[in-house]
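Consider the two complexes below, in which subunit A is the common component and subunit B and subunit C are the respective partners.
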Partner chain A sequence: MASTPSSEVAKQPAAHKLPWSEIIAFAAIAAIVVAGVLAGVLAGASPQGILTNVGFYASIAIIFAILALGFNLQWGYTGLFNAGIAGFYLIGAYTMAIAITAPSPPIVIGGIPVYPGHLGGYSLPLAVGVVLAMLASGIAAAVIALPALRLRADYLAIATLAFASILQIFANNLQSVTGGSIGITGIPKPVEFQSADAPFLNAATIVGIGSLVLLFLLLLLQFMAESPWGRVLRAVREDEEATMALGKNTFNYKLQAFALGGALMGLAGALFAVTLGYVSPSSSFAPAVTFSVWVMVIVGGSGNNRGAIVGGFLIYGLEWLSVQLKDYVPIALAAGFVTIRGLLIVVGFIASISAVVLVLLSRHRPTSAWHRVMQRIQERGLARNGVIGAIALYGLGWVFVLLEQYAPGAIGDTIFYIRLMFIGVLLILLIIYRPEGILREQKRVLR
Partner chain B sequence: MIAVAVVAGLAFVFGIIILQYAMGGLVVSSIVIVAAIGLTVLYGIRGFANFAYGDLMTLGAYLALLLSLNGLSLVWGAIVSFLVLAIVGILLEVVIFARLEGRGPVPPIVASVGVALIIQNGIRAVAGTTERIYPVPATENVVIVPGLGIHPISGILTLVVGISFVLSAHVLLKYTNLGKAMRATADNLELAKATGIDTKRVTYAAWVVSSSFASTAGILLGLGTAVKPTMGFDVLLLIFAAVIVGGIGSPYGAMLGGLMVGLSQEMSVPFLVWLERPDVIGLQFGSAYKVAIPFIILIIVLIFRPWGIAGRRPAFARRSYFIERITRTLAGERGAIDTSPGEANGGR
Partner chain C sequence: MASESILRVSAVEKAFGGIQAVDRCSLTVLPRSITGLIGPNGAGKSTLFNIIAGLYRPDGGEIWFDGMRIDGLPPYEIVHLGLTKTWQIPHELRNLTVLENLVLAAKDNAGERLLNLFFRPLEVKRDEKQWRARAREVLKLTQLEGLANEHARTLSGGQKKLLELSRVLMSDPTLVLLDEPVAGVNPALAGSLMDLIEKLRQNGRTFFLIEHDMNVVMNRCDWVIVMHQGRRIAEGRPEAVKADPTVIESYLGG
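On to the complex of A and B.
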C-alpha cells in the first residue's frame, strides 16, 4: 500500500536535535488535562471529585489507546483497513459483561416487562472474562476477514463496516442475550470498595490496572514488530506480491495480524465494560468510535505503537474536554455570542474578498513588484489555502446565525457536533498534508 | 410472461400480502439503484469507495427541504438541490480528492469519512436532530387489487423517477461521447489517456453524475420516510451491498444488485415476522433484522463471486480461501466415488 510513508527518504542524522514531536504531543496532552482541571475548579468541584474525573479520562484514554494499538497492528503494520473497530469493541464488552456479571433475571412490574434480562450470570473471575472477550473478538475478526482478505482494501473496509452496524442492531434487538436497549448493568468492579470515597478508589484501581496492561501491550507489540513476524507484516504492507515471491504465505500472516488486532479491540471492550460498570448499545459502540480511532492512529503516526497511544490520549482528551467545557461555554457564549458571530462574519468576509483580490492581482499584473511578493506566497500554496480558510471563517459565522435562528437552545449540544466536524476536518487535513502523523514510523535500515 | 407467472404464483401460494412486500421492495430498490449507480460510476473512474455518499444524499434531501419550506415547490427544490450537489461534487474533487490521487484506496476512504462527519454533524448543528417531513399533500394509497395498494408519492413517483434515472444513465453511458469516454476511463485509465480522452473532464463528469444522483436518491428516501441527519449514513451499507453484489464499478451491475438487495430486504420481512411466533423461535423485533439480509448476500457474493454477479471475472482471479478448501475436499471425496473428477475445477 502506498498509504503509509515508505522509509526511503534518508535525512541527515538528527542525533542532537530535541525530539520536538514528542514534546509537542505531551505538552498538548498536559494542556488538555490542565484545562479540564481548571474547568472543574471553576465549577467548584472537590479536589477528590476532580481527581476522579481525571482518572476517568485516563482510564477511557487507555481503552482508546488499546483500540488504537489494535488498529495500528492491522493497518499501520499490515495495511489491512478495518472500518468496524466499534464492532469488535462491542463484542469484547458484551462478552465480558455476560461472563462476569451475576444473574439478572427479567423484571416485570405490573405485568409490563421493564427489563428483559440477558444471557449469562456466570459470575466468572475477571481474568477469565478478559480471555473470553479477547477470544470472541479475535475469532470474529478472523471469520469476517476470511472472505475479504484476498480482495482489495475497500472490500475489507465495507465488510467490516457492515459487520459493526449489524452487531449494533443485534445488541439492540436480541434482548434475550444482550438485554436490549437497556443493556447489561451491575458489572462487578475489580475491587468492591465500601467506603465513601469508593468512586475515587475505583478510578484509581482501573487506571492502575489499565496502565499496567497498556505498558505490557506496548512492550509486547514493540517486540513483535521487531521480530521476523513483524518484518513480514511490514513487507506485506509495502509489497504483497514480492513477499509472496519470497515464499511467505501472506494470507496467513494477514489473517494472524487481523485476528490479533481484533483480540486487542476485544480487550479494550472488556476493560470498558469493567470501567463503566454497564454496557448498552448506545453511542459507546457507534461508528463514530471507529472514526475516532482512525484519527488517533493517523495523528499519532501509523506504524508507530507509541504514536497510537499518544493519539489515543490526545483525541480522547479533546472529547473529554468538550464534555468538561459543555457547561461553561454556553454561558460564556451567551455574553459574547453576538460579538463572536459578527466578528466571524466581518473578518471572514473581508478576508475572503481580499484573498480573492490578491489572487486575481497576482494573475493579471505579471510585471509588478507586487507580483513577485505574490509569487512567493503562491509558491507555498498560501493564497489558495488563505481563500479556503477565509471562506470557512465566513461560513462558520453564518452557521452560528442559522443556529440562533433555528435552534436557539441547542448550543450546548452543538459543541459535540462541532467536535465531530473538527475530527472530520482533522482527518482530511492530516491525510492530505501529514499522513505520517506526529510521531513518524521509525526508519529501519539493514545492518 | 415469466414475470407475470411468478407474480401470480407467489400471490397464489402466500396470499396477496407477499405482493405488497414485493411492491415495497421495488420502491426501495429504485432508490437504492439510483444511489448505487452514482456510487459505482465514481468508483469506476476514481477508484475509491466514497463513504461520504450517504451523507451527500442527506445533504441533497435537506437542501430540497430548506427550499420547499421557503416557498419553492418540492420539484424546484429537487432541481436546485440536484445542481448544487453537482457543484459540491466538483468542489470535493478539486479541494480534497485530487490531492490524494495515486496514493492507493485507503487515503480517499479516510478523507471521505472526514467529509461524511462534516456534512452529517454540520446538518445536526444547523438543522437540529428532529425528523422532518416534506410539505407534500397527504394522499391515500391507490388500491390496485384489494389488499394491494401503492402510495402515489412515496410509491409511484419514486418508481417513475427511479426508472427514468436508470434510463437516462443508460442513454448517457451507451449513446453519448462523454458516456463512452467514462466507460473507457473506468476500464483502463492509462489506455484512455493514450487515446486522447480528457480524463480530467471525465473525472469531473463522474463527480457530477455521482453527487447529483445522490441528491435525487436522498430526496426520494426522504419522501418515503422522513428527513433526518443520519438517513443517508443508515442506508450506505445497503448501497454498498448493491454495488458489490452487482460488481463494483459497473453501472449495469449496480442496477441488478440494487434490485436484488432491495427486494430481498423487504421480502424477508414476512419470514422474519414468522420467526417471531413463539412456536417457531420466538425472535423479538424480527423485522429489525431485515437490514442484515443484504449483508448476508454481500458476504456470500464476496466468498463466491467477489467480482460481482454481473461483473467480468478478472483473468487471474484468485479463488477465495473458503472455495479452495471446499472444492479440494469435494473433489477429493468425489474422486473416490465418481470416476470423472476432472469436471470439478473446470467450470468458469
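On to the complex of A and C.
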C-alpha cells in the first residue's frame, strides 16, 4: 500500500533543522528592543531611564502576552471568537484596584466634588486581589457565554463586543463604584521603594514577577491544552457537530475554555493595575485593545501558546517602538533628511529602470541563458514585486520631499499613527505568505 | 415485535420550512441485522438518521433504542448509550491527525475531564495509552495505519470514509448508522469494508445503512426498508423489495 513510506517518515525523528521560526521571532523582538534603546541613547536619555523604559515595555508586553494566551485558549484552540477581550481585562483591573487599594473617600473642595470616591478600598493582599480578579473575569465570561455559546459563533462575537462597550461606559459613569472618569489611583506596588531610583526598581519588580507568572502560565496551558482535554477543544474548533456525534458534551468544553480564557484576561488586568498604579476608563480598555490581541494571536500563530506570547511581545513592541521613535525621529530626520531622501530617490529610480529593462530584455531575447534566469525570476513573481517595490521606494522619497517642503515635522508627529498602518501591512503580508502565523500550530504526533 | 427490535422509530416527523422531510415515518431494526435504507434522493433518509442520532429534534413521534426512549436526548448521550452514526459527507476533524481523530472517538477517556488532569494523572496516562493502542488496532483493521500521524485533511475521499468507520469502531457501539459507507470507495476496498461490517455483525453489532449501490444492498443486507417522500413505502428481504412494483416505480426504475 502507498501508505508504507509515509509511516516510515513519521517514525523518523525530526531532522536536525534550525528552528527558523523561533529564531526569526526572537530576532525581531530583539531588534525592536535594540532600536528602542538606540533611540533613547540618541535622544540623550540616562542609562537608568532607558532601562526603566525597556522594563515598562517588558511589563506591558507580558500583560498583552497573557491576554493573548487567554484569547488563544478561546479562539486558537476552541474556535470561540471573543470580541470583548477589553471588557474582561477591565473587570480584572478594576477588581484588583478595588480589592487592594486603601479606602479613598470622595474629595470635595469648596463645595465642588473633585473626586467621587470608589467602592471598597479593602487593602487586601496582592495575591488575594489577583485571585478575585481572575474569579470576577472568569465568572463574567461564563455568564456571557451561557446564553451566547448556544447560538451560532457570530452571536458570541456580537454579545462580547457589546459587553465590553457597556463595561467601559459603566466604568466611566458608575462613579460611586469606579471613581468615574478619574478612576482609581494609589494602587499599591508589590514592593514600595522610597529611593530616587524607585521607578526603575518598580519596573524591575514587575518584570520579575510578570516573567515568573508568564512562564508558569505557559507551562500550565501547555499541559492543559496538549492533553486529551485540549484535544477535545481542538475538535470543537474543527467541527462541533461531529465532536458532539463522537460523544462529547461540546457545550461544557466551550464553557470551560471561555471561562478559563476570561480568567486569564482578568489576571492580565490585575497585573496592569499594579503596573500602572492606577486604572481609569481610558484607552487602556478601548476596543483597540481587543483588536491588538487578535493581531497578536494571528501573527504569533493561533493554536500555539508560545506563538501567542511571541505575538504579544512583537505587536506591543511595535507600538512601544513607535512611541520611542516619536521623540527621536524628528531630530534624526532634521539631520539626515537630505541624505535619506536622496538615497531613496536614487536607489528607487535606478531599481525601477533596471527592473523594467530586465523584464523587457527577457521578453525579447528568447534563447539565451540570461533568458532562462529571467524566466525563473519571472515565474516566482519576483520581477513584478521588484518593480512594484522599486517604484514604491521612489515614490516614498518624493513623499519625504513634499512633506518636508509643505509640512515640516509631520513625519515625527504621525509616526505614532503610521504604526497602525505598518501593523496592518504586516498582517496582510503575513496572511498572504504565512497564514498560520510565525510559530505555526504543531502537528501532534502520537506515539 | 417491539421488544425484539433494537431500534423502533414510530411516526417521526420533521419539517424544514415548508418541506416535510420526514412524514410520520415508522420502522424497526432487528438486533444483529444489517438493515438497508434505500430511496430516491430527498426521500428523507439522511434526515431520519440525523434525528435518530439526536442531531435534529423531531417535530413529533418517538424513537426507542434498546428499550429506552431517545428522542430529545442530546447526541453525545445517545453515543454513550451505544448508538453511533457516520456522515454521508465525511466530518473528519481536519487539522487533527488520523490517530487523534480515533482516540477522540473513545467514549470514556479520563484525560478529557479537566480536573482529572490534575487529580488523577495516573488514570489519565493509563486511559490515553490504552486508547492509543486500541486506535492503532482499529487502523490496522481499516488499513489506515500508515496514515496514523497524517492530518485528516490530507486523506482522499475514500480514506475519509474509512476514517469515519474507524471512529465508529472506537466507541464500541451496539447499533451503527452508516450513511453511504462505500460511496467513493474503490470496489476492492468497498468489498473488504463490507466484509468487515459482516464480521462485526457476527460479533453482535447491528448495522443500519443508507446505500445507493444496489449490489451492496442486495448482497449484504438481510432486510431492506424503502423510503419515499419522508415515508416508509415498503420493506422486506432484498429480493422481495427488488420485485416490489411500488419500489420499482419510485426508486429502482423499470
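Convention: the second predicted complex is superposed on the first by the 335 of 447 C-alpha atoms of A that agree within 3 Å, B and C clash if a C-alpha of one lies under 4 Å from a C-alpha of the other, contacts with A are read in each partner's own complex, and residues count from 1 in each chain.
In this section, contacts are C-beta pairs under 8 Å (C-beta built on N, C-alpha and C of every residue); 3 or more make two chains touch, one makes a residue touch a chain.
Just so you know, these numbers come straight off a predicted model, no measurement behind them.
Chemist: According to the contact criterion defined above, which of subunit B and subunit C contacts more residues of subunit A?
Modeler: Ranking subunit B and subunit C by residues of subunit A touched puts B first.
Chemist: After superposition on the shared chain, which partner residues are touched by A:256: those of subunit B (first), subunit C (second), both, or neither?
Modeler: second
Chemist: Determine, under the contact definition given at the top, whether A:35 touches first (subunit B), second (subunit C), both, or neither.
Modeler: After superposition on chain A, A:35 lies in contact with neither partner.
Chemist: Taking the superposition on A as described, I'd like to know which of subunit B and subunit C A:229 touches: first, second, both or neither.
Modeler: A:229 sits against subunit C, while subunit B stays out of touch.
Chemist: Report for A:245: first if it touches subunit B alone, second if subunit C alone, otherwise both or neither.
Modeler: A:245 contacts subunit C only, not subunit B.
Chemist: Which subunit A residues contact subunit B in one complex and subunit C in the other?
Modeler: Residues common to the subunit A contacts of subunit C and of subunit B are 1-3, listed in rising order.
Chemist: Under the stated contact criterion, what part of subunit C meets subunit A in this complex?
Modeler: 53, 55, 74-76, 79-80, 84-85, 87, 91-97, 99-100, 103-105, 107, 109-114, 117, 124, 127-128, 132, 143-151, 167, 171
Chemist: Across the complex, what residues on subunit A touch subunit C?
Modeler: Contacts found on subunit A: 1-4, 6-7, 10, 223-224, 227-229, 231-232, 234-235, 238-239, 241-250, 256, 441, 443-447.
Chemist: Taking the touch rule as given, give the residues of subunit B at its contact with subunit A in the complex, in rising order.
Modeler: 48-49, 51, 95-96, 99-100, 102-107, 109-111, 113-118, 120-122, 124-128, 233, 237, 240-241, 244, 248, 284-285, 288-289, 291-292, 295, 298-299, 302-303, 306, 318, 320-322
Chemist: If you look only at subunit A, which of its residues touch subunit B in the complex?
Modeler: That would be residues 1-3, 75, 79, 81, 83, 116, 146-155, 157-159, 161-163, 165-166, 169-170, 172-176, 180, 251, 287-288, 291, 294, 298, 388, 399, 402-403, 406-407, 410, 414, 417-418, 420-421, 423-428, 431-432, 435 of subunit A.
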